[in-house]
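Listed below are the structures to be examined.
In what follows, chain A forms one complex with chain B and a second complex with chain C.
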Partner chain A sequence: MKSASTRALIALALGGVLTLGAFLGTFFWAGVPDFGFVRTAGRAESVRYQGPFKQEVAEARYLQNYVGYRAEVETDGDIVQGTITEASDDAVTLDADGDSVTIDAADVTSAIVSGSTYGRPDWGQKIFYFHVPVAEISFIVFAVAAFYSLRFIMTRRRQYDQKARVAMEVTLTFIMLTMATGILWTRAAWGVWWEWEPRLTTYFIMTLLVIAYFVLRNSVEDEERRALYAAAFSILGFIDAPISFFITRLIPSNHPVIERGGLETPMLVSFIVAQIGMLLVGYAIYQLRMGEMKLTDRIEHAKTLLEG
Partner chain B sequence: MASLSGRQFRAMVKKDIVMELRTKEMIMSMGLYSLLTMVVYFVALSQTGSNFDPRDIAAGLLWLAFIFTSMLGLNRSLVHEKDQGCLEALLLSPVDRPVIFFAKVIGNLIFLLAVEALTIPVFGFLFLQGSSLDIGSMALVPLIMFAGSVGIAGVGTLLATMSVNTSGKDFVLPVLFIPLMYPLLLGAVSATAAAITGGPDAMGGFWIGMAWVVGYDVIMLLASYGLYEFIVGA
Partner chain C sequence: MDPTLKEVYSLVLTQWPLVAAAYALLWVGLMAYIGFALKRMNGLGKQVEVLEAALARRGKAE
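Now for the complex of A and B:
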């Protein structure tokens, strides 16, 4: 009894240190990745200089994206060089050494823009080291809950029902953490709080299923019946978990996917450490809650003995 | 033995149908419910502009009506069994549990299909008048209706068997049922929408949706069949 809870506390401490350490460590080791090419208007202090660029624009109307940049615009063999001061779908105005030249977009045969690229530090990416491990653990613990539910149906031993229930509680905790971090990230990266996108939708359904599991438990009085119903429902509900997990690989989805070899070494190592840490945290929460359940059982048992 | 199970199965389905023909309770309540849903749809759509095409959302509205109507029916069918002590008698009689499960599924499926067969013409009459419809592709609608209803009846029978024994019967069934139904609804709505829109491009979408629904039916029916034995005896 004592050793189990001690082990759980050690796992919690170790997991916390690893998760936090990986998270903080990536700032120093993996750095903050750039958000790619951004325009420099406003927030100049938060952008990083990356270097010069020179590229051809596919269509004249895209020059609107390069107001303030240098451009070489070719019209029927005539080349105008200057800074773009104004551009629309129909025309572009260049400032060529003080002379303002307006060219119809229809006359442009080719245009080359040049200037400097800047990258905005993508602070939001850092949530990757927390959000992804938490989400993975939610799937793993859900699988554990479904496994114990199956064991309960096969053996009808009460301990499996308890284990399944506690695993389900841990699942709910991790699902809520995933949802909270995910919603913050979609706001930062996609500019919206929520999107009905395949991964988000199926994960939301998984959330509802786990909540429904507890609704079901709370509405059945008879203990054995409650355990059986809950076990059956968690097995049925678990069918959604693989769908949610693999759907980003099956259907075109906005949700990022980690590709094999897609992470650089510092990112990969931090990510793995964070995963191990989160797994330990999950295990610790599970064990602590299990210990609490066992103590409650002992108290109940003692009460019945005392009452005679 | 197989013929015995077959006879038991037929007897149980017949029992459900005879009871329904005498009371007409399920068809009446479900049919009326789906009619009332149409009224609510009319109110919901009453403020749409003139260039609004009801075909775009017809599939979603139809399945919305089916899913809520089916929950009403599923609840009713199991409440009867429980209140009148029929389920207990069935469990006491030497009938295999899978036979009970499939008899209840078929019974629920028949009523569900009957209500759907009533709902689709009414829906078309009320909302799709004047829309140009491709009769050839519309003929596929019953196919997806059937496939979707099999899944609804299968999972629904299992969940309704659970929910009649809970303290909040009417509340628990939707909470369990709708999230579990999500994959089926997604496939069924996309296939139905393809069939209603019609055209050669839509057929690919229809069969993808159909495959999705049939896959869901197979997995969920097997899981429900496996679990029913433990649930019904509890």
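Now for the complex of A and C:
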């Protein structure tokens, strides 16, 4: 028992140091990538500068969105160039080399606005460094639970049922962390709290399956039947894990996929360190819970001896 | 800061509360889980010591 808790504490200490390192790397070393673009009226030197843009505006009323931008407004036979200073549904006012020119919206035949395009800094991507590792751990520990469930069905030894149960507990913990961080990332990146797209849907199904595992365990009284049903359910439930993991590569999905060479070195190093750190933390939690289970067994055993 | 860059980087600020919340939930969740597990183990360890000492005393008495 002592060795299990010692292993847990060592893993916890190492995992803690690595996750802390990854955290510092994430915020103080890795850069902020671009996610889409943003348009501005002005121009400034920046690594995010992507170039100028020119866009035709279909209707004069849309010029309200471009106050401060340079524009070329064409009326019947006349072109006015300048900076839009004011715009409404009825009229647009331009500053043309110091002269203020107001044009009725009804007279505008076409308009072209221009400005600069910049990469949109995606600060929300910082969530990725820990969201992905916790999600990966949830898949790995679910696989461990399915493995021990299979071992239980083959051998009917109680220790495998205990290991599978603890692994499922750890899976549930990491699933909850994945869901919490994922929902916040979805809000930051997509502007919504949830979307029924393939990855999120299959992962949600996995969450329900893991919760159902514990509902099943609590609903069967006979210990052996409980362990057997739970083991079978865990193996069947695990089928969803590879589906959820690979689905973004198999069918169209909005969920990002990490591609080879897609991360700069500081990002990649921070991400790998976070993965190793989280793996150690997951292992530590598993060992801690196993240690707890073994202590409970010893207490029950000692109580039986004292009563007998 | 240049007004154009200020406009570009102001987008970062809109995401800041969500990033902070994600990290807070992650660390608080993990710390709480580990903290409770360690506390429970400590309590169980003490129980084991008491029970095994009682067993040892009974073994000697017999």
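Brief remarks follow.
Keep in mind that, in the parts below, the second predicted complex is superposed on the first by the 223 of 308 C-alpha atoms of A that agree within 3 Å, B and C clash if a C-alpha of one lies under 4 Å from a C-alpha of the other, contacts with A are read in each partner's own complex, and residues count from 1 in each chain.
Going forward, contacts are C-beta pairs under 8 Å (C-beta built on N, C-alpha and C of every residue); 3 or more make two chains touch, one makes a residue touch a chain.
From a predicted model like this one, the values you see are computed outputs, not experimental measurements.
In the superposed model, A:Leu184 makes contact with chain C only, not with chain B.
Residue contacts after overlaying the shared chain place A:Asp240 against chain B, while chain C stays out of touching range. Once the two complexes are laid over each other on the shared chain, residue contacts for A:Arg298 go to chain C alone; chain B is not touched. Between chain B and chain C, the partner in contact with more residues of chain A is C.
Looking at the shared chain after the overlay, A:Leu306 reaches chain C, while chain B stays out of its contact range. In the superposition on chain A, A:Ser219 makes contact with chain B only, not with chain C. Of the two partner chains placed by the overlay, neither chain B nor chain C lies in contact with A:Thr171.
In the superposed pair of complexes, A:Ile127 makes contact with chain C only, with no contact to chain B.
Those residues of chain A that touch chain C in the shared complex are 5, 12, 23, 32, 38, 40-44, 46, 48, 116, 118, 120-124, 126-127, 130-131, 134, 173, 176-177, 180-181, 184-185, 187-188, 281, 284-285, 288-289, 291-292, 295-296, 298-299, 302-303, 305-306. Across the complex, chain C meets chain A through its residues 2-5, 7-9, 11-12, 15-16, 18-19, 21-23, 25-26, 29-30, 33-34, 37-38, 40-41, 44-45, 47-48, 51-52, 54-55, 58.
Taken together, the chain B residues at the contact with chain A in this complex read 155, 158-159, 162, 165-168, 171-172, 175-176, 178-180, 182-183, 219-220, 223-224, 227, 230-231, 234. Of all residues in chain A, those touching chain B in their complex are 153, 201-202, 205, 208-209, 211-212, 215-216, 219-222, 224-225, 228-229, 231-233, 235-237, 239-240, 243.
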